[in-house]
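Pasting a structure here, questions to come.
First chain written, first letter: the chains are A, B, C, D, E and F, and each begins at residue 1.
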């Protein structure tokens, strides 16, 4: 069957309930209950395809059969069919909008991610482009999965996934070294510890205290380069993952990626994207 | 207390659970449990503010007190404080991202809607700008509410809210007149009936059959004008709401709005918007 | 599969959980787990049949097969079989009561509605008989659907479905005209606006302000007639739906229906009905 | 606080969500958010009052304060105030229908139960009048509680509450004695065992096998009397609870009650009752 | 299909969600999606088997097929296969831990119960060994079912299942007789009434007031014997179920069981048991 | 307020619903609704205290006030009061069992963990004792939190928390190096990668491929020592966390801990523990 987690299958049911509530009154009064149909989803612009597994799951949940015609992560062009569904005409019309809403959004994110990854990897073939927790409430799983489909990194899923020490935490504890050390003592060995830093000095402190990841927040590309050089010269670059973030987008990502960093994270992958255009065409039997 | 519906309060809890899951491990190991703080949300760019009621509800649900500093629907400028929260420092850090995710998205939609309404009303002071069902699954309530805050019309909330006859329904029934008539017979008197049409002929048919709303889908601005003229000349304009849709955006909305139409609907209000920039600053006590 | 909305399928599961809780202890200790049986639901009095789709859904959810023997909305007589179920004897005994509880109640409402519709339509063939929101909490969908099966109108489903201005709203705003106008400005174009009125004067005001529906509440049949006459004479009858309500039942519905009104609504359709008698007979294999 | 079980408090929230969904659009556009009011629920006919605890819980859940003016289980007359609520005018209007729907139904059942108990106890002061599992799906708790308020017995709550051996169970096991014995062996000592019987012979068999309760189903009043006499003469009456059921209503309950039986159960208490008339009057501050 | 109650099927889904959350990231990156496998669960120590129905249900819910190889309630030895599952290798690896967690715990309880039942029945072949409400929150159904599989009695499932009067209730009412009597008057005839007593005197009072069960709490085996003798001599033993509890375990259960009592209840069956060792071996196709 | 995550608060509500269902029928018929009381929870044996935050949350949810008298993680002795609750006597009796069930289990785990940590740290002061995913379904959060309170490490919370490559994964991919490498490529940089190994050779391979953690499963203490020596001699010990598991308990943990390892994990911490004895004493006002 489907490879989406069980909790996500329940979420898809809730999404359908949000749109259908007490029934699709238009379809119920115009389409005979026994009518069947075939419906095909088409791309209407060039995009990196995503959301097909969700479409499959919705079809399965509502008793439709389906045939996948294009693969997640591949480019599709305007006019390409991506999935074909068969079954009750009423059901097809009732699920149409939900399936499109998901494919359009997820493909929008996958496409945006793919473009950003491509630009960055031209100059740094190993760099990862990650999203953040700046996702639409209730829709995080799908947005993070779309980032992965587009070649990006999903970053931590939630607040229990990784330690990420930010300024307020540092202030409360009284410094980078203290914050990283106390986290190292207190959290599970199974968790990575990342620390957001504002200066080269803080970066060194974080590494010295054993951070797995150092996040250079709001550094210019050039300052990032400076930090990398110093860390390398001091032999501190080896065991740490360097991540940069702060206002990074398609325009400036190349400049950041030129540096020997590991990860570039960008909230815009999920908070400001355009849905790609897809539609569904139905032929009643 | 709060004026959000009870179902939405439950949804906000779910949103919080999505982000927190088994706990904010960073905050739990760096911030003492008894520490209190004051946190202020600031706009970082000009925007029409939305999402404050949601922030209030989240504060209430998590035992924080709050003071609203700017009103939903008003413009805020970069640097303006919009809401101030007080209470447990751990709680403040734990809810920060959710509150920002909601305010940023809802303000993005409200701002986009406001701009489109403003453009359209310069040439047609009574026209309504409506969104569609092209919303993020699970987040529809908030996106529709943001449209309303921006001066727009939320359109139908779900498939049980209004009859909206589209091409597939018309095909199944065998024509516009039959579709509208059969809907009129079959659905509750409490529902409006809208019919999507592709030609002037269909528009007349729909009105003749008693549609409350006629939706001119994918007409050029000029063709919309033509339809309006004919309907007026035939005395058919009076009792029907004329809605236009199909690829309408800030660039072309003015051309459509010049015609004597009632509603312009645009999926882009909710499917492709930029989150506005807001942040939260915290001072630990 | 089934045409009930996904949210309702979940509700049926909850209903089953309410009755079964930790298990049917009687059946579990008396019926072998591998035993199969055939069970038939019979009418035991004359009734308009309803609730069969719900029975199908419960059968489907619990792994039973079924054969529908009589149609919703048709009359059945005492002794008529209405649905036959096959499968695990334990399951059949466990779902028996829920299926009967639903069919009995829904058929009770459908029958009562049918009778009231028949009486009213003898004198006014186009009049609609509508129920209200006076439904059993948690069971509204089924009660409204039974009204529709009986030939009635479901009226608004909930508080977000239509504007229905009542006395308290009018008082708060300061008059019928102000209330209707402000609603017209503030709510979506997709919603109808109904206004409850107490006098002819208020009826005219409501129509003048653009109400789609005027609800004459607690008027005598004669006074309803008077209102209709005046509205017609003033040319105000055309574009408004006239609804009457207030203590209307099978005894007096004919008197109301004689007037040129569109809708008669009655809370008693759903708040005070008799369950029709049905039973289930089981033959163990 | 309230004495309703936590699961029921959640159910009340769901009931409110059913009615409010995405919001009370009428109230939201006519009543200012800061407006407060006082609302009083009045009886409009003589009734045994029930549902007040539910009204209190709804008030509590929605931030209203309240004052109980009449007690559950007492008679109220037309015009009597039963509960007074204070707070946000919007909230009061939004919860009005749910509170009335519950009080009206529960008082309807309590009144019907009270009448039947009164009739039966005139001739048999110790007899209990019990309801059955013929309740509205999803509303069982409230209907059973209303029976208790009216002086009745709630009988088993669900299928896991007591063993109740019916004909199909007896057939499957091969006789009354075998069925009761096997249940006695297999179920927990904490459960009572009731057995439905069709003849005097079966009644004796059930008692002999150790049934705690014998249910005489569809016996005439006279035949019930015959069974009682034989059991007494054989010394088998002492340790068993005798219950009768089958088409018992206010008309014939007295005839049944004259016999030395313990319990009379009647499905009609919950499947066919009239809602009592109550209304809410609001004064805006 | 399966014979577990519908509510329990939902609980199993929740259990799976607890373990899987946003996905099994190890399996997803190492096992191809189309890979199938066969997995067998083996006992690794001698145990009374339980939890197989739960394993079947989890298999069914996740699209796996299965073959049951050993029966619940039977002894299995180290090396015995108990259930074989087939299907997606990813799914098998994802459900492995949940299935084992359930079988291990339930078999631990069944084995412990079986041992205690065996010891007690050597000296009193009719005595029942019951568990209590000292179960793991959220896991009660499974723990009680394991007790039953091991030959024990599940006792009351929850607080609404039987009246069990303890010291605090007695103190509040003012004595054993008053407490039992008031319960007898106030609760449904369908419920048994048990009363915990501290002295012979209280035991007689409880029986005199009509208690169905008398629970001798924290009596020594010898004092239990004394109570039994007196009750028998006074003809009060016949109609009451005698239960003993308080620190009873495998060491002292025999001493208690020697007395003519009906039920021995022990919290340790569910609050302190060892999981039995089982594992799953997988062969990838 | 409380520092438990919002999802856990909902879980506690569910636990209460499991025990109370339709109401505490004993308390409802013996304790007057207006009665208040004071209840104190006492330890009845020496234990490391845990579960107090849960008790606080349950009190808060049910309208009780409380005073914490002993701290989680501290030793308490028989007779020590640990928390005092005040409020409705009915409520206190209704929540008693749930509060005790949680404190008893969590304290049992915390105590067992503390003992194992103490033994291990005598010989290796930095070693961590971790639990596993062998937790009671639905109760994992509480069992893991109890391990932390006892001084242990919670290990990964669920399957999405860390990559943990086991034999089946290695077989499917075709070797340790390939498995670790493919995981490193495919999962988020925010996740740690652990690899279970069966030989020294595999351990070296895993480290060479970049595993963050190497898990020596089912090695004898001596073989663990051998692996450590080789790794050190090859300069491979530095950047990897060494974890051992497989049948480790209080008896043999010291032998394992003597080696220079980082983590010892043991399923028995959560799958086989004894509840500690606590009770609640109530004084009615």
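Note that contacts are C-beta pairs under 8 Å (C-beta built on N, C-alpha and C of every residue); 3 or more make two chains touch, one makes a residue touch a chain.
Keep in mind it's a predicted model, so treat the numbers as computed, not measured.
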| item | value |
| --- | --- |
| Fewest hops from chain B to chain E - one hop per pair of touching chains | 2 |
| Shortest walk length in steps over touching chains, chain D through to chain F | 1 |
| Chain F and chain B - chains in contact with each | A, D |
| Relative to chain E, chain with the most remote C-alpha centre | B |
| Averaged-CA centre spacing for the pair chain E and chain D, given as whole angstrom | 31 |
| CA centroid of chain A to CA centroid of chain B, Å | 24 |
| In chain F, residues with contacts to at least two other chains | 20-24, 28, 157, 160-162, 191 |
| Contact graph of the chains (line, ring, star, complete, other) | other |
| Inter-chain touch pairs (all) | A-B, A-C, A-E, A-F, B-C, B-D, B-F, C-D, C-E, D-E, D-F, E-F |
| Sites on chain A touched by chain C in the complex | 13, 16-17, 20-24, 28, 33, 61-63, 88, 90-91 |
| Chain D partner contacts - residues on chain B that touch it in the complex | 1, 3, 5-8, 10, 141, 144, 157 |
| Chain E residues within the chain F interface of the complex | 11, 14-15, 18-32, 35, 89, 93-94, 97-98, 100-102, 104-105, 108, 133-140, 142, 157-166, 168-173, 179, 182-183, 186-187, 191, 271-275, 282, 284 |
| Chain B-facing residues of chain C, complex | 128, 130, 153-157, 160-162, 188-192, 194, 213, 239, 241, 243, 262-263 |
